[in-house]
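Next come two complexes built around chain A: one with chain B, the other with chain C.
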Partner chain A sequence: MIKVNGLYHSYSKDENFAVKNVNFEISKGEVFGFLGPSGAGKSTTQGVLTGLLPIQKGEVEVVGYDIRHPKREMFNKIGVSFEQSNVYGKLTALENLEFYRKLFDVETMNSMDLLKWVGLDHVANKKAGEFSKGMKHRLTFIRSMLNNPELWFLDEPTTGLDPAIASQIKDIVKEKNKQGTTVFLTTHNMYVADELCHRVAFIIDGEIKLIDSPRNLKLQHGEKFVVVEHLENDVLKKEQLSLIIDQDKARLNEIISTGKIEMMHTKEATLEEIFIKVTGRGLE
Partner chain B sequence: MRRILNFVIRDIKSGTRDWLVIYLAAAPIMFALVLKMLIPSVGDSTLNVAIYEDTPPAIVSYLETYAKVIEVNDMEERILRMDDVFGVVVNDDKVEIVTQGNEMEGTVDLLKTIVGRYQNESVELPIEVEFSDIGWVMSPMKLEGANLLIIFNTILGGMLILLNLVEEKMSNTISAINVTPTKRKEFIIGKGLLGFILTLYGGAAVITVLGFEGINYAMLFVSVFAISFIGAIIGFSIGVVSDEPISAIASMKTVFIPVLASIFGAIYLPAKWIFILYWSPFYWAYDVIKDILLVQATWGQVFMNSGIILIITALVFVGLRKRIVNGLS
Partner chain C sequence: MRKLWMTFLKDAKLSFNGLYFYMEIGMALIFIAVLLFVVPENFESSQTFYVTTELESSDAENVGRFLGDSDDVTMLSNRTEIENAMKKDRSSVGAVIKKNEDKFVYEMVLQGYENESMKNLIKAGIEGEILSQIPGFSSDISVRPLEQDSEKLTDRINILPIYLTMNVGLMGLFIIAAYIFLDKEEGVIRAYAVAPVEVWQYLASKMMIMLMMGLITSFITVLAIAGFDVNYLYLFGLIVAFNTFGSALGLLVSSFFNTMVKAMGVLYVFIMIMMIPAISYLMPSFNPFWIKWFPSYPMMFSLRELLLKNGDQSYILMQIGIYLVLGLILFIAANHRFKKTLTV
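And now, the complex of A and B:
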């Protein structure tokens, strides 16, 4: 779906690159996360992939189109949800969607159905300028689905949303992915990336440091321990047991067999911990 | 075409929500109506004379060469009305002028001169007096005012384009349009069309309200269409880099300087100095529209002036192209 080879981009058109030597490929049906702190080069990469920024150096192919010679019909196949809501404040939610719907050459989704998906149907005829930040964000999000995109670019899709709405958005992404939509997700939210992505790329200072699945990363970088809290003679005890050492494995079996476990969890690393370990920097 | 119409409909919807389109559509009509109210006051300098039915035909015929003559039964009632109408009453060989006393300054002296000339027709004058025609075939206020309003409308059209683009910049919606199959020319035509329509409509409104008759509408359409481009380009060049309407309008208002300089220059400059206005497309528009309103224009003149306007506009576009393209990215 996406092939990027040796991508460089400089806003000042000099050697001060915002992204440098970026290489990756995304297969059809994959959810690919671009994970990095603010200013790492995530939006710049997405800008080049969506044609909003000119390609300066490198090769980029998106949905079969060479981005050096982009064709407008390419945009019938892709959808872009922006981090900053960008809707017409003087038009109603429904009018905003209807306007965009008519810009595509392919069959589009029903605007009211989309509004229902994100709980905006009751304000369909209200001007978007009167919406809260979260409502505008949801409107921007569903607008990017109008053309049933094969490739869906999502830039920080849950940032600034309350947990219930963020969960709703994540469910929609999962559902669309199940239907075959490829997703390029740009975020600095490790939980979103962990929950949604098949693979993630860590980008920092314009360079990709690592690409792998969240599971592999956890296996590679996480510690093989289990922390168990259990009652022994009515006293709460907390133990950390290795999953490699035989003695610890036997002790774990013993605790499980007594059946007085209060809490037990593996000490796998979070994506954020892995990111810090790999890049030496945080995600904020 | 579908997408172009989509942009036009969107701009109309958005523009009517805050009355912008309504105000800009009403503006040419309002300006024309104000001008129309002023034109009769110029026409009032024409002498209006009331006479009785039994006034000798010779003096009636004489007065009709200088004044508008009306027959009345009740002279006093007619004179006392609000407008400036003088009474001329013939008693035997004497001609009397009846006034209300509040007529426009100088007009009673004019009538006295006319009546005196009739009474002293047989007297040999020591000087020879000739009457000549200065060439005005309609009120200069009507002619120049209409021309100014028609050209002024092109700036209003540009302003509409500008404000619609500022809205796009403010809400950052151009990025969203750039990730749809919309071609750049579709966006530009879609965004500019309403400005052109407003300019053409404004021109038609001015002509209709001021009651011009017998003019060639096709010539007017071609000329106004040509001059509309300059307003549109200036509207685009300011609109695509502005994300705040007040400063954008302030920038657009500076365009009134070349518009007014071109028109007043054309009116007041002696013929030998007119060449200093040749750089201005507004001068060429003024020049041809004036002749169209006077029903003196030829298609050759219309095409020549429109061609010059379009060449100057193209040069302006070349200068502003990079700014416009960057602003649309």
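And now, the complex of A and C:
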């Protein structure tokens, strides 16, 4: 769905690159996460892929179209949800969706159904300018689904949303992915990336440092420990046991069979910890 | 065309939901009200002329009979009265009529601020238009209009071409730029840019909004001020052509900037420069060759031709054609520019 080869971009059109030598491919049906802190080059890359920024150097193919010679019909196949809500404040939620819906040449989704999906149906006829930030964000999000995109660009889709709505958004992404939609997810939220992505790319200072699946990354970089909290002679004890060392494995079996376990969890690394380990920088 | 129409309908809805549309209509109505109820049909620009005579009674009666009926002339009994009256009215002039060897002569009484050219102008006016009415007064000055049957618009209607040029041709520069930058600021332009529509459709829709506003306000104003004695088909053609030109120029200029603040200075200079031909329009004596190259010059004068009963139709049609072609060229250039800069 996406092929990027040797992509460079400089806003000042000099050697001061916001994105440099970026290479990756995304297959059909994949959820690909672009993970990095602010200013790492995530939005610049997405800008070039969606045609919002001109391509300067490198080769980019999106849904079969060479982005150097873009065709407008390409946008019948892709959907873009922006981090900053960008809806017409003087139009109602329904009018906003209906306007964009009529611009597509392919079969589109029903605007009211989409509003229902994200709990905005009761304000369908209210002007978007009167919406809260979260409501505008949801409207921007569903607008990107109007054309049932084959490739869906999501820029920080859950940022600033309360946990219930964020969970709703993630469920929609999972559902659409199940139906075959390929997702290019840009985020600095490791939990969202971990939950949704088949593969993630770590980008920092405009360069991709690593691409792999969250599972592989955890296996490679995580520590194989289990932390157990249990009661022994009515005293709460906390032990960290290796899953490799035989002695620790035996002790874990002993606790499981005879002890009173209050809490037990594996000590696998989070994506954020791996990111810090690989790049030496945090995600915020 | 369906997408252009959809975009236009959306832009029209945004305009109707916003203040600007109503402000534009409101301004047109205020302009109409001022012209109809405040501005006289024709401005009174006459200068009061105080006259006294130092003549024998029969001649004095004779002069008084011919000049006393004139609206602009006030007969006074002596020079002191003239001087006192002129002190009260600093724009007035006076004359003392005498006789020298059976010939009427006169002495001008001036305010003192008049320069030589003005003195000559006053002299020509006094001799050519006032004193020449007195039998026996001879002067080598005669007043003859260049075109004996030249048409003249009333002062009220004469202002219309300036208003229409400003409203349709020049304000469009500013407003269309404001629309583009507002869309950029709200980010909606980015959402539009990732839909299967062309940049030209976005730009053309904005121009259509400007045209709609221009047509509404122009037709209301011309109808109210000039009535039905105007060829409205030509008016439609002129408004479409000038509006297209103005809006496309506004688009092209704004394509070089990324914020309204940065564009405003250049747009302001453009509008100010374009207003210079209004001087020629109001003061025909100031008509240098170079001023005719300003785009607003033919705009004003073709609108004037439209309002004249026997206006030059070929001139009107020629301007419609020229401005439509120029507008199209500017639009193509703006589209080319915006393809690269609209979302950057």
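Brief remarks on what is shown
Quick note on the criterion: the second predicted complex is superposed on the first by the 283 of 284 C-alpha atoms of A that agree within 3 Å, B and C clash if a C-alpha of one lies under 4 Å from a C-alpha of the other, contacts with A are read in each partner's own complex, and residues count from 1 in each chain.
What we mean here is this: contacts are C-beta pairs under 8 Å (C-beta built on N, C-alpha and C of every residue); 3 or more make two chains touch, one makes a residue touch a chain.
Values in this document were obtained by computation on a predicted structure and should not be read as measured data.
The superposition on chain A brings chain B into a clash with chain C. In the superposition on chain A, A:L231 contacts neither chain B nor chain C.
Legend: residue contacts after superposition of the two complexes on their common chain; A:T50 is shown touching both chain B and chain C. Of the two partner chains placed by superposition, chain B and chain C are both touched by A:F82. Contacts of A:D105 after superposition: both chain B and chain C are touched.
Within the superposed three-chain model, A:E73 lies in touch with chain B and with chain C [touch as defined at top].
Where the contact sets of chain A with chain B and with chain C meet, they give residues 50-52, 72-76, 78-80, 82, 84, 86-91, 95, 99-100, 102-105, 127, 140, 143. By the touch rule above, chain B contacts chain A in their complex via residues 2-3, 6, 10, 13-14, 17-18, 167, 171-173, 175-183, 329. Across the interface of their complex, chain B is touched by residues 50-52, 72-76, 78-80, 82, 84, 86-91, 95, 99-100, 102-105, 127, 140, 143 of chain A.
By the touch rule above, chain C contacts chain A in their complex via residues 2-3, 6-7, 10, 13-14, 17-18, 186-188, 190-191, 193-198, 340, 343-344. Listed in rising order, the residues of chain A touching chain C in the complex are 50-54, 72-76, 78-80, 82, 84-91, 95, 99-100, 102-105, 127, 140, 143.
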